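Next come two complexes, and both contain chain A; in the first it sits with chain B, in the second with chain C.
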Partner chain A sequence: MDRKKLYPWYFTSGALLIFFLLCFLPGIIGILYSFTDWNNFTDKINFVGFKNYVEVLKGKPEYRAYLWNTVLFTTVTTIMKTVVGLALALLLTQKVIKLKNFHRMVIFSPQVMSYLVVGLVFKSMLHPDTGFVNNFLKSVGLDIFAMNWLTDLKIVFATVMSVDTWKGMGYIMVVIIAGLMSISPDYYEAANIDGANFWQKFRLITLPLLKPIIINATILNVTYGFRVFDMIYSLTNGGPGNATGVINTAVYKEFSKGNYAMGTTLSSILFFALLLLVYFIIKSMENKEVDA
Partner chain B sequence: MVTLKKSLGSIVANLVTIFISLLVLIPMVVLLLNSFKTQGESNKMSLSLPKEWVFANYKTVIEQGKLVSSFFNSLLYATCSVLIIVIVVAAAAFVIARNRKGINNFIYYFILSGIAIPINNVALMKVLQALDLVNTRLGIILVYAAINIPLSLFLSYGFISTIPREIDEAAVIDGCGPIKLFVSIILPLLKPIISTLFVLNFMAVWNDFTMPLYYLNNSAKWPMTLAVYNFFGAFENSWNLVSADIILTLLPVLIIFILGQKYIVGGVAAGSVKG
Partner chain C sequence: MRKRLIKLLSTLCVTMMAGGLLVGCGGNSSSTSSDSKSTSSGEKVTLTFGSHQSGLPTSGVVQELAKQFESETGIKIDFQISPDAQWRDLLKVKLDSGEAPDIFCADADPLNLVTRVNPEKYVLDVTNEEWVKRMDKNVLPSISYKDKVYGITFPGKKMYFYVYNKEIFDKLGLKVPTNYAEFKNVCQKIKDSGVIPVYEGTQNGWHQVLPLFETGAMYQQKHPDLYNKLNKNEVDLDAVPELQTIISELKECADLGFYGDNYLSNSVENAKEAMAKGKAAMFIAESAWRNEVKSDFPDFDVNKLGIFVMPWGDNQAIGVNPASNAYFINKNGKHVEEAKKFFDFLAKPENLQKRLDGQPGLSELCWPEIKSKYSKEDQAYIDSLQKGMVVQAGVKYIDSQWMDVGKDLEAMYTGSLTPQQVLETIMNRRKEQAQLQKDPDWNK
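And then the complex of A and B:
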């Protein structure tokens, strides 16, 4: 059977064309511009080599702060979402829990809201004087915990990461529940006969069998974390100062200042970091296929 | 003693579950209550019921927030871009999954690189200008399709690989050509992954607000997210109105979510378990 005839390449042409014109081409143009001094103030564009990259890595410390914040945000939210999601999944697959499906639905529901709306909701909930959180804490006598959630430099980043976890934990939970359901109960029965306790069963059966799913979820969380924008933009807009600034809020800032080249340099750094990650994703997926 | 310990454990587990659900529900309930309050009362957010129920808030919001037209815009953008994605991605994933040699392999990795490509808004603006698509509905629909194609292709590729090739061979013996094979044999088998793609992309497009921020400067073409964002800017001190606006924006998504729960949750799960 002739595979070329049965599976003609032109079936890919629609996806290829749209992707090339409106995603790849602008992306590449942007990367090329990162080697220039392109800005909004002159029409002349000069080639400057790696000057912009050197500026990010060695110039003003705020650029390094953006990179560091992005890595910190990604690491912390990934760990929090995975741990909370896993714990919730284990909890919501226990027989004793009443109304399991209702709780699952509720905890998943923030996933369908836009980051913008979640940001606006929490901006109002966390307002120091009028917000619900502080009012509630004061009304139950816990005044010391009423804080300036979004303006105190010490806690603002933790607040932002917690809100992000609030939104994202349900997704990871649902994914892990699906994984738990696909584990054959025979393993647990065998373990019960051997007298294994809950912790042993979790460590020796559940966790190893969930590994591929946890890896997938981690990849999703990491690629999301690196690109985070809407959430931070609507909650703090990178402030106060640069305390919550990440790469994409910095890109937005540089663009609106007219420093197009600097903006594209920052997004290109993001691109190269993500490209490496995606490479590892695909590699790990393919290894998995060989194993199976 | 053992049964006591067990029932105590189940009570604690249930309480923890209820507590976490409340953590998710309370912000929405506060907003809902707030949306019925007067401006003065809504400035102090609380779980107390409104002293007087001001239903007129919703009327004000619908009139001033351009919610009806923006709702239909959102619906149009999300539906059309998702249809485009599903059609082109299903066809491409089918051919690539079946014959991943030579040019197809290159195309696969080429499109997958899009998962990492940053959206460069100024460069994209230039391309759209060259294509005469700036500030048009078609332009934004195609942009949404383009940026969501890579991940969708990745998901469908994994799914199609699980469909046995013997099906194709049987169809060919029965005299199917490539187009007939795809449309009448393969496409019906893709229902699970198509519903996943539909739901995930619909949500992504519906919830996006950066694209219209850059590429639609005419408020008649704005989707709901951008309308809310502008409303928030204009009425920042009227929390009752802002709450009503947010509730009205959430409503369609929550209704879709509750109705399509099976597909959404199932789709999310299937997509990730299969990889």
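And then the complex of A and C:
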């Protein structure tokens, strides 16, 4: 190793200092606050131990519903975005499709729109009386499918997750297309000579070689899903009632009530859950690489 | 050569980063000094004014006044309007994070000012302004905290009625209901005729809660000294069986389809259209709301709309709310002096008159020097009613959870909460807030 080419360690000190002051320290302080009774009404802060955590896990059933909703939202949107994104990516790399880049652009475009805009547009499109969706369904005679998309308890969460998938699938598609392009055509050629059909090629060549990309996409989707806020806030504001509330809408609610400690408790729980999950996802990726 | 270039670049980077840090530290003082310079030299100042939809009259009269103010003083006002359902939370988050606008509008009442805007910490004390003396004495408690006045407010006292379409009632031979049984009967007949009996919109989050707490006058009649006992934690809300009755009645009416099919997706703003076009027969609103209908639908004869007291829980008294929304100056804002000038401007008698004239939905101002707009008929009806203060203005920890109760009712309508659970949730939230605020009556 040419030691002269290495820069001395203190070259990183500036970046480290900034990272420590602006990212690490506030995070740690936030977690510490979750062990107190910090609130808007007094300046005194008392240590209360695990009281807030116990309250979340054992107290009001709402909190557990929010936790469950967050997990459900993350799981379903991750699967839907990956499946739909993969399908679209496969479709838009086929030779038979014309104007591929145009199609890709159209499918990707929701990604660049703000969550609030998407939420408000869909809110008006899904209005049972005046919304585009129901009016369209009624005009083609499919009245039975015209529903109260955002107020019917049975379907509201599915609606929210579908809108979120619609917005997010384009991004995953683009990531997967990049992965597909990097797979050498030689493999497919060899498989063709062996007489492999589309599914065999997909299962035995495309999927294994896409694995690292899919794992990365999953990490992106999972971290997004756990932190989701804007989409739900603008579409349903957690309603009807608290049916679509997630951890971050609850954090917002607690902060606005002045109960800061509970807000930081909820976001700390989110932080630990994410840390654990992402750790395992990355670990599983490492193992796969060793196997290969 | 290449080494040199790299060295040069890295030195440059480190210097820039170090410089950036220093700039970051010193930025505050330098920017404020340049700000004060710019204001003193009379350069154009833009005040930000944050409000919820219902904080500013829909007629845009405040914006018109602001334009006039701009042409007189050169100070521009930038209005930032947020949805009703989000404003309370948003404002608090903005105040706490130091990002609040220069002037902000908030609902103000004697009990909740401190939880809503924390005046000592965030709001400019205006006690010694000349115009404070000209406001109605009865509204001052709503905008004061610990004997200091913090805001300016305009609307007179609020009273909510059922505004109803007389034509529809006459056609079906119906009489104004005076108790719940009659009300249900009326609703059923209207529903059978193909019209939505009651327009309800839960999307705004606050409107559906009115029947619970605007009926406070009746609660007080039936339970003497109720508010005092509730505030001292001697009794809880379950000591008022009428409240539970009203919550159950709301659910019953929803189940009977009296609000129509889509009330969970509807907004209060669309009520005017529904009433003017005869799609709905009744709507909870203030009496002067009819003038707003007229200004939006000039062809509609508003004399067709009458008012009657909400008959929930056989109520026949009218709740009076001395509180309303008020404007406050952000004490930590950059343009405190300019904001004060705007308040002086709004408080001029000619501008007060302009405001009352320019806001069709308003019957009176809380400035005694300006004459009210009530018609003789309305005035006579209102005078004939027994009155009392609404619950949210007299009982602690109700108004702060108003929007949450709206969500509870939504949950009740969708079937995920029972009426009993709604009441329990309201009671628990009161307890939680009281404990959080270290209220001595709850922490004995």
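Heads up, the rule we're going with is that the second predicted complex is superposed on the first by the 254 of 292 C-alpha atoms of A that agree within 3 Å, B and C clash if a C-alpha of one lies under 4 Å from a C-alpha of the other, contacts with A are read in each partner's own complex, and residues count from 1 in each chain.
Just so we're on the same page, a contact is a pair of C-beta atoms (placed from the backbone, for glycine too) under 8 Å apart; a residue touches a chain by one contact, two chains touch by 3 or more.
These numbers come from a predicted model, not from an experiment.
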Inset, instruction - With both structures superposed, pick whichever of chain B and chain C touches the larger number of chain A residues. - result: B
Inset, instruction - Return first, second, both or neither, reflecting whether A:105 touches chain B, chain C, both chains, or no partner chain. - result: first
Inset, instruction - Check the residue A:41 against both partner chains and state whether it touches chain B (first), chain C (second), both, or neither. - result: second
Inset, instruction - Applying the touch criterion given at the start, work out whether A:158 contacts chain B, chain C, both or neither, answering first, second, both or neither. - result: neither
Inset, instruction - Would you sort A:11 into first (chain B), second (chain C), both or neither based on which partner it touches? - result: both
Inset, instruction - Applying the touch criterion given at the start, work out whether A:255 contacts chain B, chain C, both or neither, answering first, second, both or neither. - result: both
Inset, instruction - Indicate the residue numbers of chain A shared between its chain B interface and its chain C interface, in ascending order. - result: 7, 11, 14-15, 18, 127, 255
Inset, instruction - Enumerate the contact residues on chain C facing chain A in the complex. - result: 10, 14, 17-18, 21, 85-86, 88-90, 92-93, 96, 115, 118, 202, 205, 261-262, 264-266, 400, 407-408, 410-417, 428, 433, 436-438
Legend entry - chain A contact footprint on chain B (complex, rising order): 9-10, 13-14, 16-18, 20-21, 23-28, 30-31, 43-47, 84, 87-89, 91-92, 94-96, 98-99, 101, 103-104, 107, 109-124, 126-128, 131, 142-143, 145-147, 149-150, 153, 158, 168-169, 172, 178, 181-182, 203, 206-210, 225, 228-229, 232, 239, 242-243, 246, 249-250, 253-254, 256-258, 261, 264-265, 268-270, 272-273, 275
Legend entry - Partner chain C, residues of chain A touching it in the complex: 7, 11, 14-15, 18, 39-42, 60, 127-129, 148, 150-153, 237-243, 252-253, 255-259
Legend entry - Interface residues, chain A side, partner chain B - complex: 1, 3-9, 11-12, 14-16, 18-19, 21-27, 29-31, 33, 88, 91-92, 94, 96-98, 102-117, 120-122, 124-125, 127, 130-132, 135-136, 139, 166, 170-171, 174-175, 177-179, 182, 212-213, 216-217, 220, 223, 227, 229-230, 251, 255, 260, 263-264, 267-268, 270-271, 274-275, 277-278, 282, 285, 288
